[in-house]
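Each chain gets a letter, A, B, C and D, in the order it is written, and its residues are counted from 1.
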């Protein structure tokens, strides 16, 4: 069983709320749920949709096409109806060929308020799925518990009415599986929770889609975790504020998207020079420039890896699952402190917004080690050391802490002594790359490790690739999947071993120039290989990948 | 004959003026001259030096060590004296082992003013070289022609006194060669002249060493060429102003260094999206952060190539000689307009400040083609085209010109139609890479093209490598030199052919991570190879390169 | 040719204050007889910044980066000072991300007209505080309310002695139109701050809220009097003056550039 | 241990106005009994910005990027509000590249003290105009003279209602020291603009030029009177007032943050 429901309509029409109701009800009913959001850069009008995929097996990605389309507008029906092959379509009010007309809005109005059309729609969907509506009713009660009783009752009535209206096309779902959880997380929230529980105390950012979702999560969790969230006047302020706050000893985070990250490039170089544990979330969307603010892409890999003038150590992580969003964020905060250098976490609109029900993530505050030193009287912030790591003290304690964006001596004072300060300090900083590389994640392996064909993915392309490889391996086990959740520096030895000799190698990523494939080639890890690329603004799916992989000539050369 | 003179002292002491006098006199005497400046980031004090190398053969780089040191301070003697092996040292006033004490300052004071110490020093140097002082006297007259007669006379007297004081250590120079020119250019000026003659009309920048020299040149030439030079409030303003001014039809330039460039990264992406002919001079210095503001490096290659979020076409040039500084700047302005996309010119402190006497560069205004279209009523700024280039009109004419940093339709209006606008526009932009790549410079070849050993350089490492290869080839012709003056995109076919099969490949560059070698490897142009790297802030020299190349184990793996 | 598949119909919420600004700008341009070929609308990114795409009668458009409308407009004006350069963008764009450019454009007194859609909130990114949000304004992000003091664009423009400083209200068509026409006449930098209700994310500064407070400046006010102008600039409470706060006779930046006497830097193919 | 090989002796030109500022800051810190361990000097890049390296008695130092001292200082203050955060940097740094941060730090009224070495020129980069250069000021780059109007830091701070706004002169040790001590007492944002002759690149605004013009503000001035303060802010000519222009009782940003009542965000190993 694997059903994808698409709720579509204009911005401001309640697509999001209808989706949320369905996710809540279906997750509490015990299904595996995975969602994807496609919306436009506007507050009202346009065409947005919310995909809710449910299954009795764990899910990792959305599907390319919907099995059930709930169209809240005629435009949604016309544009998306074509893509709903064989599926069922529920259309608000309008009569149309191939669709069931169900008066969501009209019914909601009659019950009391047009905005309850989403409850009507949710009720209707559950009826179509043939699912008992008790989970929806429960979820509605939970959802509106702090609203007047009337609101709850009206919404319950609306859901019931929806159920009745859709009776004519009701089916029957197989029973819910065992072992699915009702804790639903978006990637953005999992990252926020990772940061909060890791002990991040200061968060500053300038709003930018699709990073804002994490910022909102942190603002909502601020009081609980004792986090100060401050909106910066611009991204340059944000990155320089976190340079200041980490210097002063508060684990800190800033979040942004491509254009804002571009503005932070100088500040990242500062963090490299001052050796500050700065963590930056870069949630990608398609560029260049403003591009497509609400769509997805993996097009900023090269910029992230090479961000900053001059040479200094840096880490770039790219989680592929919700669990990784959480765990890698915690790891990133720790590694930033251990190596005192900037760390970038790369996600994208798809993963930020994708929701999934998983085993609950620990919400307990379990701060990571900050590797602080008390300093002492003879303290030198940039003392030379074999591993390149100098003891880090913060101001306010015993030691005076001097840091300088100019090249400096071991005490942090400006120095232009090239031989005695510049070279040793440069080498000290760069020596950290050795430890970083040694500690960097090996790629994770899925499927038979030594299959003739190899698929390589990174970050959010993991989900669709995992499903694609499962599909491709259904008959004969000829595909191995390698996933990189750390993309800089690469654990070259582990990668080389995992890659081995293959008859086919294909790299799957959400950009048009095969950036990760180039990186692998640069390190001599792969030779010329194939690339399966998507850069239309929509998320990769298993269908898309399988299609490219199967039809010769469909995938390009990387 | 090959002599390197080093004038050294504190900032503000006249090191620069003494150097200028010597360059002027020696170039008009008919020698080949090449200079390099090493100075500190301060206005007074410290230790600065000015190397003037002269020869009867054309020169391309400074030498590692000086043959004649003119120390204006005791500190200069102490620090630099050690490095002046076998050479002669003139030291102002102080008695010291191994140096001739000559009272430059005292003599100047007696003649009238301590600041004329530089004239005394210049006179002394010419005496040591055994050169007729008439060229110095002529040059002094030319130099001070708009000053009171007294100033000229006093300086001439000072130079004469210097000559006398150094009589005791006078040598005799061989005669000046034929064919050397007395037009002396710094790289910074050659670039400025290239831009001015190419028809650049608007220049805006925020001051930053070592790019400011070009900005100063352009400000001084502004009236002559009809250029408007405006100091921006910051680098973000500068890049966005040139986006505006190129949109409106004025060929434009901005100049900066690493930290300022980092701030421009978002604006470069804007130029890529709006398809604007923006030209940026990135004059490198060692980073990260403020780093060493007055030193040299080639550490920003990766940042330049990958600057900007999202994917869009871009060119990066890296001139290696003064002639290339001029010609490539003209070419860069032309290519920016032909392909309507940002172009970066990479130089560095070494090449910006290095002076050389060459055949005069044409100062005539010969504007490059701007490939403008008149548009017309049905005009669409982003009309699809096979080569990715759309007709470019500017506002104020027949056509209305609409440009948008969001993804847009062919008319330039914001569009979120992924299939019908985003993909075609993205592909249109990226198609320009085909033409760009086809037109990109092949590497230039020096020495026997098929020698067993290959040395590869880019940008300013050309000069030292050229001299190194000449030294290495003196006995047996076993080295080929390849120079890349365009580093993105690479002319892969030409490069592959030129590289061919070699027993040894070594890439020479001014950074610590072998950035260009990585790029070559990424494109599959070289395999694992050697790297000769310098990143101590000082320029590469032939001595340095030959030393690394000759002693096994001295060069690292790239 | 069907090249335009774009969003040239407003993507704003029904009832948004931006409609009033669009209507006024259409009318003002028509009434002022602005030559469309020489008219360039410049904007950044935000709900307000989409306006140039929606003009009733089209013009040249430069829709650049968030916060960078002013330097782009400056570059355009310097490249071709015969163009009529109008910036129309949001308060976050102009006063937040773009604050430094605004400040220095004012110092230059460059001849661009800036119409700021001041809705005291970030609309496009869904309701964060903007630099002009009132203290105490609550949002998802500012969950304890805004603690900074609002930015005062009027006072900044006045202390910088720019050519023209005015405020209007999106809900008063005639007033807004006339202020736009006045701003277009300024030979130097013109700031027109436009109070613009955001019906979706700003539930405090609504149409009714503004309507109760805005009060046209009377004819007795001498706009050349800086002190009086500053007094008006500090009025933000029960009464908010609309109209021309300040004028100065400072020459525009471009008029001081000898080079431009020979004509624009840009070669325009006609 | 000989770990410090650095330039901890001033790299300024003989006679530079920065020496007076250094002397005053040394004296002020000593007189105010500033706890060195809790004192953090923050600067950007420029000649002025080197000052933290030259302190007679050392303190904590954050010498960051050009133009970014204020956000760094803000981050430091928010991470540990028990630190005494003093920014000391140049006019180009604070009013040019860093203009937007200054503006918004003033809006926040964050408790940092900003000492601006205002030499009306870019010293370190060899003599370009700064935002405070007088109109007509000639440089290599501004070869036809500066055409913009100088930035007025005093007026900006006053209209933003920050806690403390003062001006002093590097040539008047006692006055400057006392202003620094006053600024250090402010519970909120403090701006101290310091007239600082650059003997190398500014041949107009020399020691003599300033000395002729600076005039201490008399005791009759009420610093809580915004209008009067603004009148002082506009005095730049034959007379330039030095002293406290303005004070406000607006609470500091950090004092409004409930979270900080429990102590600093930062864990300090002691």
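Everything that follows uses one rule, which is that a residue touches a chain if its C-beta (ideal position, glycine included) is under 8 Å from a C-beta of that chain, and two chains touch if they have at least 3 such contacts.
Note that the structure is predicted; figures quoted are calculated from it, not measured.
Asker: Quick check: more C-beta contact pairs in A-C or A-D?
Answerer: Counting C-beta pairs in contact, A-D comes out ahead.
Asker: Please indicate which chain is farthest from chain C, where distance is taken between mean Cα coordinates of the chains.
Answerer: Max centre-to-centre separation from chain C belongs to B.
Asker: Roughly how far is chain A from chain C, going centre to centre by Cα mean, in whole Å?
Answerer: 36
Asker: Starting from the mean Cα coordinates of chain B and chain C, work out the distance between those two points in Å.
Answerer: 42
Asker: Going by the touch rule set out above, which residues of chain B reach two or more other chains?
Answerer: 40-41, 46, 222-223, 233-234, 236, 259, 266, 270, 274, 289-290, 293, 404-406, 416
Asker: Going through chain C residue by residue, note those that touch at least 2 other chains and give them in order.
Answerer: In chain C, the residues touching two or more other chains are 7, 45, 65, 96-97, 99-100, 103-104, 131, 257.
Asker: Over in the complex, which chain C residues touch chain B? Could you list them?
Answerer: 1, 3-8, 36-38, 40, 42, 45, 50, 52-53, 58-65, 68, 71-80, 82-83, 100-101, 103-104, 257, 259-260, 262, 264-270
Asker: What residues of chain A sit close enough to touch chain B in their complex?
Answerer: 40-41, 46, 236, 257-259, 261-263, 265-266, 269-270, 272-274, 286-293, 295, 297, 299-300, 302-303, 305-312, 404-407, 416, 418-419, 422-423, 426-427, 430, 511-513, 518-519, 521-524, 527-528, 535-538
Asker: Report the residues of chain B in contact with chain D in the complex, numbered from low to high.
Answerer: The touching residues are 12, 40-46, 206-209, 212, 215-216, 219-220, 222-223, 229, 231, 233-234, 259, 289-290, 293.
Asker: Can you list the chain C residues touching chain A in their complex?
Answerer: For chain C paired with chain A, touching residues are 7, 11-14, 45, 47, 65-67, 96-97, 99, 122-126, 128-129, 131, 140-143, 200-201.
Asker: In their shared complex, at which residues does chain C touch chain D?
Answerer: Residues 96-100, 103-104, 107-109, 131, 144, 147-152, 155-156, 159-161, 226-227, 230-231, 233-234, 250, 253, 256-258.
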